[in-house]
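Please go over the structures that come below.
Across the two complexes that follow, chain A remains constant while its partner is chain B and subsequently chain C.
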Partner chain A sequence: MKKIIPIAEYTLKENIRHKIFYTILLFGLVIMASSLIFSMLSPEEETRVILDIGLGAIEIFTFLSAIFAAVGLILGEMENKSISLILARPVRRYEYIWGRFSGILSISLFNILIMSLGLLFLLFIKGWEFNFRFLLAIGFIFLKVVIISALAILISLISTSAISSISMTFFLWVVGHVTDHLKYLNYVLLQKGVKITIFLKAIYYLLPNFQYLNLKDYINNPNPLTGATIFWQLAYSLVYASVVTWLSVLVFSRKEF
Partner chain B sequence: MRKSIFLLFLILPLFGLSVFAQYQVENRLNYALPSIVEVKPSYFIHFWGSLLGLRRISSDLAWMRLLQYYGTLEEEEHIHRPGGCERGEYENLLPMCQEVVRLDPYFHYAYLFGGGCLAFNHERYEEAIQLLQEGIRNDPKFWKFRLYIAAIVYTRTREYDKAIPLLEEATRYRDCPEVVKIFLASIYKAKGEYAKAITIWENILATTRSESLRSMAESRLKEMGVLR
Partner chain C sequence: MVAIKTENLTKTYIRKSLFSSKKTIALQNLDLEIEEGKVFGLLGLNGSGKTTLLKLLVGLLFPTRGSAYIFRQKVPHLSLLSRIGYLPEFPCFLMYLTASELLHFYGKLYGLSLNERNKKVEAMLDLVELKNNRNDRLADFSKGMLERVGLAQVLLHDPELLLLDEPTSGLDPLGVRKMREIILRLRDEGKTILLSSHLVTEVERVCDQVGILHQGRLKKIVDVKGWEGRLEDIFSETVSGEG
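And then the complex of A and B:
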């Protein structure tokens, strides 16, 4: 743990120094501000439009910053061999991966906090009534980023180029939002007499399920979100992310530099 | 090698726990949204929004498109006559409303607006009820859908005395679409209850953000001798 924190701090500082971090943050804030213009097209539902565009911007731009951090830092270090300098020190490989992962999460959290404050400011000047689910939606965006960051690290360790790594992570992000459709596919296939239920179920549980954490889609849902549900959503994201991160450790420990 | 085996022994039970946690979430979270395959979005951007987990934004975009369609002044779309549109116009109004509410089944205002416009502007009562019934299926606890259906049914049978209290109740809420207020004002005017019609038009004039509605309210108030 003593070595994980300095690596996380180093990752955070390295990211903050990067221009791309500010570019992404700025883009996020600009998109949020532009939601004011979009909201004029729907005067009766002004705050709804601002809220939706704002939450969408927070998620997409945090996702992008997490991908670039994961791919840029780890793959970049492996490509220019600077990773050997770190591993030459008394740092274990699992400490390196967990340190990097924690660093990426702290930068994502920082991003989410800044953009959420911006969004709250816009909403309050438009007379929005505070809804507790807003905070939950923000928290769940972070949980989605936790999972995708873990996956981005694993993919950057497996793949050979930054482009393939980014596109694979993006693909998983998209697939993670439609995993529920595997049930529909299973239903359609069963009607046609094709029985691959077990195979589809295995894929269903192997792939991340982001839709379960997509609380921003259910922000107006009248059904109460119980403590037990939130607990299991939290448990799912943290356990899934730790499985993926330990897999990254496994892959990384077998790599030779 | 030993390290790898140790890691595998750590990963496998953790994965089992993740499957168990996902199963628990699945059983507790009954918030299923209509499948994107069933929604059949008319625009590629709505489809992509859903793939990226941005269904509410997709619904908002579809909603803005609907407002633009319904607000178009082109002759082929909108034949004007005093007091509203020609019956049978805006034939895509229902499918467009359905797309909005299928992308986000909890978009209450879209049901009320669509139902109100279909019934009170175009006398397409069946379509209005169909849309509101979809709202009841998606959110049975939102009682305003039932209120609107009752008002529409009484309006269809010309039982205005029964429809008026329901419409009065609907107009008391902040999320009441202006089309309902306008319809109620026109009923009052037709019944000769000018004071009540004037109150409604004054309320529209004071609260609306739409320029066209503002000028409409002004002209109605001038007709009734309130404004000069």
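And then the complex of A and C:
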């Protein structure tokens, strides 16, 4: 367990020293700032436009930086064999994976924090009144990144190239936002007499359900958010990410270098 | 006392493609014993199984058959890795770190305290003459400098057993000489060293005993008295099937 922290630390250092990290962050902030221009198109809903674009930018750019860290760095380390100098030391394979995972989450958190401060700044200069749901929305963006980071690590261990890993992770990100449609698909198919409910249910539970965590769509929604809902969303994310990460450990334990 | 023992150690690589799989036997039924405090050289042509053996000993590869023991403990065993220093043939580091940061990072993986790390990192950088480059990023280092960092990371935790894969490859003549001096000094300190090389003259200069590997099989073991200045001839005869 003791080795998880130094591995997380070096993952963080590795990310922070890469130009791509700053490029992604900068792009995110630029997109966010551009929301000021778009907000002029609907003067009565200025803050809503800024909020929508801003939260969207936080989500997309944190997702991109997590993919870069998970796929680019882990796969790179396996390809250039620098991993052998880590595993030739008293480091358990699970410590390496959990260390890497923790490091990626730290960098994502850092990313989210910087961009959220930028967004709050834009909102406050437009006279926005603080809403507690903003923090929840940010927290749930982080939970989505937790899940996709775990999946990206698993994919990068199974896949043979960075391109296929990135494509697969993108695919899961997109599909994860429309898994709810599988229920409708099942309904339509049943109407036509096609019974593949078990198969569709299996896919539904295996794929991540990002729509379930899309709290950013409900910031201005008057319906109350119950503690139980938030608890189950949190539990879902943590259990899903843990299971995927332990799967990565299983795959990684059998790898030779 | 035996430092390394292998019994029937075999490693087969299987490369799978879409329609076929290809088997390559890298190491075959290797039975080997290396005494503590000796410098043992693995001599062989490229692809003879030297690197495979070192990787099996350090747990980066898993044996297909047979077993290996280090200090009477079966490999792979996590606690053994604190007693081993491993230098791969082309060491590749975390290039965005500085030399000092890299050694500190490895030190943390051995569980060394900050005080211990500070002392050892400084001592190692001094030993490999990189003290003035401690804060330079490894990405800016030359190949020879990286090889020296490789040596520093091997010795950082004062291991009892050193596994060195082609330790002189990529070094200039002065670097080769320095490496030789360090190996001989470590032998005098009682360390066990297993090094692989295909440079007969280098092996001849530092080793007490040499094992000749050819096509994954251990063909011959000779000691310093046995080769009497003609190791190159013995090696040539052995790998060409005349030995």
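One rule holds in what follows: the second predicted complex is superposed on the first by the 257 of 257 C-alpha atoms of A that agree within 3 Å, B and C clash if a C-alpha of one lies under 4 Å from a C-alpha of the other, contacts with A are read in each partner's own complex, and residues count from 1 in each chain.
In this section, contacts are C-beta pairs under 8 Å (C-beta built on N, C-alpha and C of every residue); 3 or more make two chains touch, one makes a residue touch a chain.
Computed from a predicted structure; not experimentally measured.
Q: Answer with first, second, both or neither: which of chain B and chain C does A:131 touch in the superposed model?
A: In the superposition, A:131 touches no partner, neither chain B nor chain C.
Q: Would you check which partner chain A:235 touches, where first means chain B only, second means chain C only, and both and neither mean what they say?
A: Touch status of A:235: first partner only.
Q: Between chain B and chain C, which makes contact with more of the residues in chain A?
A: Higher number of touched chain A residues: B.
Q: Check the residue A:34 against both partner chains and state whether it touches chain B (first), chain C (second), both, or neither.
A: In the superposition, A:34 touches no partner, neither chain B nor chain C.
Q: Taking the superposition as given, does A:160 touch the first partner, chain B, the second, chain C, both, or neither?
A: Touch status of A:160: no partner.
Q: Going by the contact rule set out at the top, does A:6 touch chain B (first), chain C (second), both, or neither?
A: A:6: touches chain C, not chain B.
Q: Using the superposition on chain A as set up above, list the residues of chain A that contact both chain B and chain C.
A: none
Q: Within the complex, which stretch of chain A touches chain B?
A: The touching residues are 38, 41-45, 48-49, 52-53, 55-56, 59-60, 144, 173-174, 177-178, 180-181, 184, 205, 209-212, 214, 216-223, 226, 228-229, 232-233, 235-236, 239-240, 242-243, 246-247, 249-250, 253-254.
Q: If you look only at chain B, which of its residues touch chain A in the complex?
A: Touch residues, chain B against chain A: 3-4, 7-8, 10-11, 14-15, 17-19, 21-22, 24-26, 28-33, 35-37, 50-57, 60, 63-64, 67-68, 104, 106-109, 113, 139, 141-142, 175, 177, 209-210.
Q: Quick check on the complex: what are the chain A residues that touch chain C?
A: Touching chain C: residues 2-3, 6, 9-10, 13-14, 17-18, 77, 80-82, 84-92, 256-257 of chain A.
Q: Flag every residue of chain C that touches chain A in the complex, lowest number first.
A: Residues 55, 58-62, 78-79, 81-82, 84, 86, 88, 90-97, 101, 105-106, 108-111, 153.
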